[in-house]
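Each of the two complexes below includes chain A, the first together with chain B, the second together with chain C.
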Partner chain A sequence: MFQLTELQHDALVEIFNIGVGQAAAAMSRIVSEEVTMSVPEIAFQSRAEVAHTLGAREGRRICAVAQQFSGAFNTEAFLMFPEEKSLEIVRLMVGQSLSLEELSEMEQEAMSEIGNIILNSCMATLANASGKELQGSLPMYRIGTGNDILGESGKQWDGVVMTLKIDFNIERHHIYGYVAFLLDLPALHDLTQYIDSYLAGVTG
Partner chain B sequence: MLNLLEGVLKAVRTGIIVLDAGQRIVFWNDWMAQHSRMEARHVLGRTFGEVFPEMIDGRTHIAVESALRNNFASLLSQTLNKAPFPLYANPADTASDIRIQQAVHVMPLDVASRGRHCLVQITDVSMAVARERKLREMAVELESQTLVDGLTGIANRRRFDLHLEDEFRRAKRNATPVSLVMIDVDYFKDFNDNYGHQRGDDCLIRIGSALSGMLNRARDLVARYGGEEFTVVLPDTDKDGALQVAEAMRAAVEALAIEHAYSGVARHVTISLGVSTLVPELSTTTGSLIHAADRALYQAKRAGRNCVAVYLDGRLR
Partner chain C sequence: MTTVLVVDDSRISRMLSRQFLAQKQPSWTIAEAASGEDAIAQLDGLTPDLVLLDLNMPGMGGLAAVDKIQAKCPTARITLLTANVQDAIQDRAKTLGIGFAAKPITEERIDQIIADFGK
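The block that comes next holds the complex of A and B.
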């Protein structure tokens, strides 16, 4: 499987931490409470591996917000939480402790907005670091197993999934989620180039 | 063809605004005119900030900037952004400032030879919001059936925990005080041992109902905390207000005049009460409020029972 050098990995972790930091600040302003987020690790895996991590085999339901990005490089990005965690996040943000088992229509929209904020912030810092333009679509809310969401059963695809583990804190609740980017080979190539030029900028 | 498209956009039953790279309004459809009470000719050519001064640097404005600068689309949900645009369904709502519930989509728009623009689309979601409110009310009613104490019929411990969390969060956001009263029935074990559990249960039922009878605000809550312990949540209530309620409760239970020949303080059933009040800060937990009320209750018992004690800034009074 594709691997970054240690230096490249650290640079990418740094870029994404800036991104989620900005997303957390935006979310804090919305709820007027402290929200913090960090990315402790990044991994490159196949779609099947990611789906497995997300409990696809046990039929675990995942709540996802998906967005398309194109330009500097092309990717489909996802923010993913186990369904019960997404309920927890939305209700902490909205401030109501009501226990319906699924997100209502309005709550789904709130979840989409949260995903939109996080994904846009991640991609904005990446675009900044690359010095290239990116275009982002509106968020789409999806629910299903990791397989359903990442489209395992769909067409043949030779790329990898870059996953960031996200550590999300609101009101002393610690919630782990994932951001995943589907990267085909050209996108992967573009990404490594941007990291290298970012590193050159930082060290040079 | 262009005229046709413009005509369609104008007539669409959803709000559409287009801004150019300098954030000047270049398109404003009829729906916007109708609900903002601002005709297109009054807003065209003016900037977003000039037309909506109260929205400068708000979420929507930042989304517009992000669309123009970064090429990113944003969604602003009704739930997390309470009606950002001053839009009204009818003149009566305008007068009472009841805004249309909105979902806002902000999208970058590349216009050939004229550079980047930004499309703002506003959807009226008032119907969906009303539907969910109804749904929520029904869910609350269902839930209430599992949040009631089986013996006394007042709120149970779980309801208390949920309610205190909600009120604590609200107090944090609004920087308002929240008070808690912890209540213990004096010499209740002696009551049970001598009169039997049947009379003990009756005694708790009567106390529970006397305590709830003292509250009349919707968000005040009296709950059975466990055994012979009760607790009262008083949102938006300062120390003096909480003291008054506590003293009234003490008097109300005394007035029940339930005979208790084995009490160490009186010939009838009495209660001891501990009061704590705080304006929660970011890092404060409900635990500190409960702990403070517990300390005060302990103090009330040491002071001879059938009385109220207050916990104040680490000191007892």
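The block that comes next holds the complex of A and C.
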């Protein structure tokens, strides 16, 4: 079983915390509202457990924007909302200038762009801290259960994946969702090296 | 007459850029392209003064399009307008001699781009 030392765990949470701060700021600019985000929660689970957990709170379909990042380490990144909140988020983004029909027509593209901004803003912090570049794929928009969403990524990992999950909340509009990052074992090995070099830099 | 070419695969991003640019500079002509290839094709009949260029697009990405846009339209000022806010990308923009602005596209961000263009 893969494990992080206490120091590695702390460093990972700290690095993602900074990224989360950037992502919260970006989301706040998009929706022109205060956005609160939780401290990243780290868990080691099977992919099936992750799929179950990701949709569990909603108990229904969620909409997700997925992006894969590669480079210093590889990760799948997801921004997820309850499906019925997505139009409201798009409305907050574009203001009152569009009719409901136009808004619905643009929903998928708008959500993809929101995901693109939030996920990139989070990942950029990690890339900048490592001094290395991460290449992101184009954002993919998906709707379904946690299983549908993870299943569509085409990965068939049997082993354990590490998830970093961050809740966010746009309180005034009762909109909540989360950002999740999944890393498989080879990616965890790369990430551990990355954390160790970060720690070496911090501790001198 | 100032002409701006907004190059972004995201329709919502093009729409927001157009909306804020038109509010701030009603006399400007705003053209749109959905990809690097589309932008380059449009330059046969269009001479933009300012190009707002997304980075991560299907087909030719923004950085790959820069040289080709500069070759066809050497006087155009180019600004990367992207969600990819990594230092490496900002450094590359500096090396290419083009501007950099981070998404999301907001009124303030467009104000800043217009101010930089006026310098």
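A few remarks follow.
Just so it is clear, the second predicted complex is superposed on the first by the 150 of 204 C-alpha atoms of A that agree within 3 Å, B and C clash if a C-alpha of one lies under 4 Å from a C-alpha of the other, contacts with A are read in each partner's own complex, and residues count from 1 in each chain.
Keep in mind that, in the parts below, a residue touches a chain if its C-beta (ideal position, glycine included) is under 8 Å from a C-beta of that chain, and two chains touch if they have at least 3 such contacts.
All values reported here derive from a predicted model rather than from experimental measurement.
Of the two partner chains, chain B is the only one touched by A:S104; chain C is not. By the document's definition of touching, neither partner reaches A:T163: not chain B, not chain C. Once the two complexes are laid over each other on the shared chain, residue contacts for A:E34 go to chain B alone; chain C is not touched.
Applying the stated contact rule after C-alpha superposition, one finds that A:E171 touches chain B and leaves chain C untouched.
Of the two partner chains, neither chain B nor chain C is touched by A:S86. Here chain B and chain C are compared by how many residues of chain A each touches, and B touches more. By the touch criterion defined above, A:N116 lies against chain B and chain C together after alignment on the C-alpha atoms of chain A.
Note: residues 26, 29-30, 90, 93-94, 97, 106, 109-110, 112-113, 116-117, 120, 123-124, 127, 133-134, 136, 138 of chain A belong to the chain B contact set and to the chain C contact set alike, using the contact criterion stated above.
By the touch criterion given at the top, residues 26, 29-34, 71, 90, 93-100, 104-107, 109-110, 112-114, 116-117, 120, 123-124, 127, 133-139, 171-172 of chain A touch chain B in their complex.
Interface residues of chain B facing chain A in the complex, by the touch rule stated above, are 59, 62, 66, 70-81, 103, 105, 107-108, 125, 128-129, 132, 135-136, 139-140, 143, 162, 165-166, 169-170, 172-173, 282, 285. Residue ranges on chain A touching chain C, taken from their complex, read 22, 26, 29-30, 90, 93-94, 97, 106, 109-110, 112-113, 116-117, 120-121, 123-124, 127-128, 131-134, 136, 138.
Residues 9-13, 15-16, 19, 56-58, 83-89, 103-104, 106 of chain C touch chain A in their complex.
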